[in-house]
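Labels A, B, C and D are assigned to the chains in the order they are written; within every chain, residues are numbered from 1.
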Amino acid sequence: MSRLQLDKIHISFGAAHIVNGVSLQLEQGEIGCLLGPSGCGKTTLLRAIAGFQSLQVGSISIDNNTVSESNKTVPPEQRGVGMVFQDFALFPHLNVADNISFGMRKASSTERRKRVDELLDRIGLPGYHKRFPHELSGGQQQRIALARALAPKPGLLLLDEPFSSLDAELRERLAVEVRELLKNEGITALLVTHDQQEAFAMADKAGVMYQGELLQWDTPYQLYHQPRHQLVADFIGHGVLLQGTVNTQGSLASPLGMLEHPSLMQVAGGTPVSFLVRPDDIVPDPESRLRGKIKARGFRGAHNLYTVQLSSGIELLTLSPSHEVLDVGADIGLRAEFDHLVVFAADHCELPGFHEQAPTVQPLPSVLPKSQSA
Amino acid sequence: ATVNLYSARKEALIKPVLEKFTAETGIEVRLLTGGGDALLARLQNEAANTPADLFLTVDAGNLHRAAEAGVFQPLTSAAALAAVPDHLHGTDNLWVGLSLRARPIFYAADRVDPSQLSGYEDLAKPQWNNKVCIRSSDNIYNQSLTAALIEHWGEEKTEAWAKGLVANLAKPPVGGDRDQLKAAAAGVCDLAVANTYYFGLMQTGDDAEQREAASKLKIFWPNKDEFGTHVNVSGIGLTKHAKNKAEAEQLIEFLLSAESQAWYAATNNEYPAVEGVEWSETLQAWGEFKADDLSMTFLGENNAAAVKLMNRAGWR
Amino acid sequence: MGFNLWRQFTLVLTAVVIGVPLLVICWSVLQLLGGGDTSTLTHLWATVVPEYIRNSVLLLLGVAAGVISIGVSTAWLTTACRFPGQRFLSWALLLPLAMPAYITAYTYTGMLDFAGPVQSTLRDWFGWGYGDYWFPQVRSLSGAILVLSLVLFPYVYLITRATFIQQSATTLEAGRSLGLNPWQCFLRLALPLARPAIVTGTTLALMETLADYGTVQYFGVTTFTTGIFRTWYGLGDLQGALQLAGMLLVAVILLIFIERWSRSQARYDQRSNRPAPPFQLTGWKAIAASIACWLPLVFGFLLPALQLASWSLERREVWADSAFWQLTFNSFGLAVLAAVLVVIMALWLAYGRRQLPTRIVRTSVAFAGLGYAIPGLVIAVGLMVFLTTLDHGIIALSKAWFDYNPGLLLSGTLFALLFAYSVRFLSVSLQTINAGLGEIRPSMDEAARIQGYSPLQVLRKIHLPLLRPSVLTALILVGVDVLKELPATLVLRPFDFNTLAVRAYEMAGDERLPDAGPPALMMVLVGLIPVILLSRAMLKSQQSALKEQEFVPVTA
Amino acid sequence: MSRLQLDKIHISFGAAHIVNGVSLQLEQGEIGCLLGPSGCGKTTLLRAIAGFQSLQVGSISIDNNTVSESNKTVPPEQRGVGMVFQDFALFPHLNVADNISFGMRKASSTERRKRVDELLDRIGLPGYHKRFPHELSGGQQQRIALARALAPKPGLLLLDEPFSSLDAELRERLAVEVRELLKNEGITALLVTHDQQEAFAMADKAGVMYQGELLQWDTPYQLYHQPRHQLVADFIGHGVLLQGTVNTQGSLASPLGMLEHPSLMQVAGGTPVSFLVRPDDIVPDPESRLRGKIKARGFRGAHNLYTVQLSSGIELLTLSPSHEVLDVGADIGLRAEFDHLVVFAADHCELPGFHEQAPTVQPLPSVLPKSQSA
């Protein structure tokens, strides 16, 4: 029995279609995660689930009860849904303790105190009870917003970028804690985040939205290794899509040379395809015949990220440990090392520009590699 | 030439006379109306630089206070002084009265036999328990009445009277004089204390209900054989620093002319201060009465004592 | 720093000048403490003061309950809900403000008194006589509470409505996501968040109540204010009256202080300004909402206005009188002038306080805003003392230097009147504007300052547009108040200068009610026109800025 | 000549010391970056530079003019400083175009229009001129706030987490664009961010703040590879600090076995030290004698992050490509491969807990490795 079910939802503001035919499902206790570029409709989707936004088409069910339809909207307070708002929406006239315990309406004051203490401890702000929101830093406010949503133990929790203002270390720690807490208390959650690591670490299911469409709803692993849409491939990880042709022997003739991969056996010979190249698929190799010129270098801590231009003009990304500094302009040898090869039909290879209309989703399931291990 | 007048009498009740004065003499009158005490405060503050030449008030208390405060100078116009009887002159002729208003007792003609009444002392008699209407002691009319009674009866007796009066009240002392009369007509009480001109306005006004109410009431002129009916005065004085003294005295004389006095009595149903001026029909209908000829100065002098006495008596 | 010091100095100076009449009162209290003449006070304490206090407290409590319940509920209904007539009601509910309280008082006593038509009719029908039946006494404490509540609730309505409209939808949504239904959201979020506004509106209504003389006196309720006048007029003791006024002042300061303290450090600005979508009411809910809003309008405005209209018909010849139109012109001109002046001054002070919140600035600004609680006449007297003293000085100098007597330049001129209005009504605009400023996040100021805008430019570019509702509200409140103002006008105006309020009062004071009709009606009309015009203007600015589809009245 | 100079700044709110003796310096055109845990005082520091916050001690100079001292604060509008606020602070009554051009007070309307168009293009929101802030998504609002601060080309720009609400792809793109723009227009900038990648990618100088103290102000490379404080080492990257003893031969006896490193030569024999172990310093090696048990696995896209417990109880982190899935509980061999060895005196090894007082900064410069290449 699914806890949350979205069925072909459409939402428009006036003439603008903000959410287009989104369907997804979360089982009891699962954590779902929405990724997607800024302005793609993630917040709008959450607001629809919470009941702040009415639908034009489709339906939303919670525990198999339809709560939203085109002409019906169960009021938010009757849905048992908690929410962490993107802009926190703390109550400015209440102090931290009152903010957090605000939703625990039926709890006794001892219970409230206990829960507030516990949550403040968990979010790393013990003793902050009497502060007012305007006396907190941005990250502290965000954590209070999180605690406020967790306090009443809602059946379903919506989190709109709940860790965006936190430092990496705290964010990770908190993500783990929140995941634990959700699992312990059996809370189903839907999370919006821009941090893919976080999405991967927390989510049971994840999806990428693009201009109102949910391109794929799957496990994080599948999302990364078996993207069903070029846009997903492009959005997850640092990918570059290259063109090539599969020959009758099941090899791929590409700018990187001939590539072999078991999955290519299923593609008809002569098919033009695009395939995804991630930085970790390309290894610097001074001996390699495939050579390029370093166009840019970015320091990434343990590694440097190099943009390399091949003589054909094609640009690739590659990582190299940061203590071996290669200068911009230098010549470099590269070797392709594909663990997974993700291949799409070539006639949809054109990645949409930044602001273009959402492309119609056209995955190529027949072309998808069945087996992923190299 | 101009005369500047501070007047506690409302514009509507003085402006027509002033206009007539201007028409006759060519002297312009600049008028400022307001509360008597406030105007007096303004006069005092402006001191030597005051623009006011004349100060007109509507009760003896204010005249007295003004005289005490030293904002007046003695009048010199013989004509004016001669026109007004002596008890309506201020000390040292610092002011003269312009008109009088009487404050008798009214009774419901169908329920009260006037032979049961003798004077103000009746209002405190147990016989009239729950049958008396009078307005609040905040009002100067009641303060003056009490001040006069203090002079006649002494404080002790007056206080006892006030207490008795409060005990006899048929309703809380709220509303104006007219309201007391209306209440008496409607049967809330049998006796009401009010100024005569309100009664006149009710009799002659264009409100049918009020005329009907007035028809149920009669005037009883109290204490005929003693000091008589309490009267208060409106009066005028020349300011100490008047810049237009001659014109100002000319205006006083005009206000005391038979013509003005008659207009006054006719419009506002007050009694002329100048003797021998013919009364309006309404006044004549109420008949002659003995007016208290207590010097107006006492009303002013006793005013504070009267208020304190009423405070003590619980007269709100 | 130099600029700040200078600015701080001018702020304090403005506040002190505005507070001069209050200083005169304080001075008299100090004299009292310094062993002045206390005989009057002793007498008063022994006899009447306990009753004054009791009545005043009951009156204040009653009016507070009245204006809050009427004002807040109508404000919420007309902003958060949509029902038939809501658009009309949202500005019409302002109208009772234009009605002088004593006129409303006359209307209801005229109607409901023992001798009035209602009771007479009842008696005729049932053949009752006096004492045979019970009927509520109109002229009583409860009567005064009712009438004052009906006339003063628009203060709360206006100011609270402005905040309700600005309240962020996200905050309310956060409440609903935590399980509150709309009604609970109102009680637990919208209401507490509107607290500064409600308090401001109520404070204004209560200050007006404290200062009110006409209504309570007419209703025979002895309050502190009637006591002040009794002491002055009756006992001839101006000093004693000022001392009583001083006690009043202390009580007001105490109240304000307690309220500030209880708010502690909470803030009321919200991060996002997305307006909340309204609730569409239908069926019995819509009817109930309509009734709830119509009742105060009918009793606070329509009935008294009808009464005025009928009186005015009786005296229709006045409408052709040029002197009458002169009065109208005087009143309107004064109101506009004073409103603009006072609002500018309030902006200067409120804004100074926001940007330079040093203790001295805060204290002096707070002091400048106290004038509203003191009866106008007392303010006027304090001011008169101050201005005539200045005048005498000027005259003495002029005589010494130029051998010329310029006469009274300050007192007894329009200057004195405007000054008095500023002292008295500064608080109205100051509080309204402060309530509005409190809703603007400080980061707005900062975002503008960092872009190179000086404080005054920030005021013009950011605060005025965001504050427009509050500024317009303040303009209307002050304008209407000046139109109605009486005691200070009476004492301070120049020769041959009258206003509608003076005329209406003189007539009513002589119990010539029909004659009071036309000027009172004119006051209402004159006050009404700007209300309607401003609500139109507001509608435009509002729609472009916040895209609120619905008609938005004055406050919004 | 330095563009921005902070000199031993102290800021308190009442009794609380929020910023403690921070000094830093930025040259004309440099981009500085502040990292640090939530609530450590970064925003407060920026606000002090902007002039919204007065100092208790110390001074701030811009272009060698002192703008803030304990008893002097030049008003913000006279400092020529731009700022992107953490909470955006967009003007709700102005549309996007008016918001952006708000600070261009002396520009003609054509100039304004041009600049607005240009900036909207750069931030990926062309055609959004007429929208009001409340009609934008969170990320869109943040971008407008950025554009508003850039529009008047301020001499010094303060950015308080300017990309926190953006998706990874856009964030990276925008970071590059903004860096370019700042460099082109010669704008000096100080950036607060929680994304270390971003800090490394954008900054010329970076620093880590901790409970009001600036622990280190250095190039990003130095910060990563030569942390001068254990807390910095801990905060940057995923580090674990282990204990060991340097012997007389200049090797380090540690739980990972004997470690050799040129830098150890400078440490006196017998010194107890702590040293930093990052995930990329530990490589899975089935043949290694050093073995441990997998305690947790986190999916990170290209890699899985494993927490491995050695028999001694010590926990380490290591990365392994994500298609080779190792199960929790499995046995694993590990090999240490240190490119850099970062060593601290052991008596300061205790990492402070979450909420403890800020430790006094005690770097061990004498112990710091001079040469970094392995």
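As a working rule, contacts are C-beta pairs under 8 Å (C-beta built on N, C-alpha and C of every residue); 3 or more make two chains touch, one makes a residue touch a chain.
In this text, all values refer to a predicted model and were calculated from it rather than measured experimentally.
Comparing chain pairs C-D and B-C, the larger number of C-beta contacts belongs to B-C.
For the pair chain A and chain C, the distance between C-alpha centroids works out to 56 Å.
Centroid to centroid, with C-alpha atoms defining each point, chain A and chain D lie 23 Å apart.
Chain B and chain C have Cα centroids separated by 36 Å. Contact of a single residue of chain D with at least two other chains is seen at positions 87, 135.
Listed for chain C are residues 271-272, each touching two or more other chains. Pairs of chains in mutual contact: A-C, A-D, B-C, C-D. On the chain C side of its complex with chain B, the touching residues are 43-44, 47-48, 51, 109, 113-115, 120, 129-130, 137, 139-140, 217-220, 222, 226, 229-230, 232-238, 314, 377, 380-381, 384-385, 388-389, 391-392, 395, 405, 407-408, 411-412, 487, 490-491, 493-496, 498, 502-503, 506-507, 509-512, 515.
Every residue of chain A that touches chain C in the complex is listed here, in rising order: 47, 50-52, 75-78, 80-83, 85, 87-95, 102-103, 105, 132-135, 148-149, 152, 158. Considering their complex, residues 13, 35-39, 42-44, 86-87, 124, 126, 135-140, 143, 160-161, 164-171, 194-197, 200-201, 220-221, 224-225, 234-237, 278-280, 298-303, 321-323, 339-340, 354-355, 372-374 of chain D touch chain A.
Of all residues in chain C, only 1, 3, 271-275, 441, 443-444, 446-455, 461-462, 465-466, 545-547 touch chain D in the complex they form.
Residue ranges of chain C in contact with chain A, taken from their complex: 168, 170-171, 173-182, 184, 188-189, 192-193, 195, 265-272.
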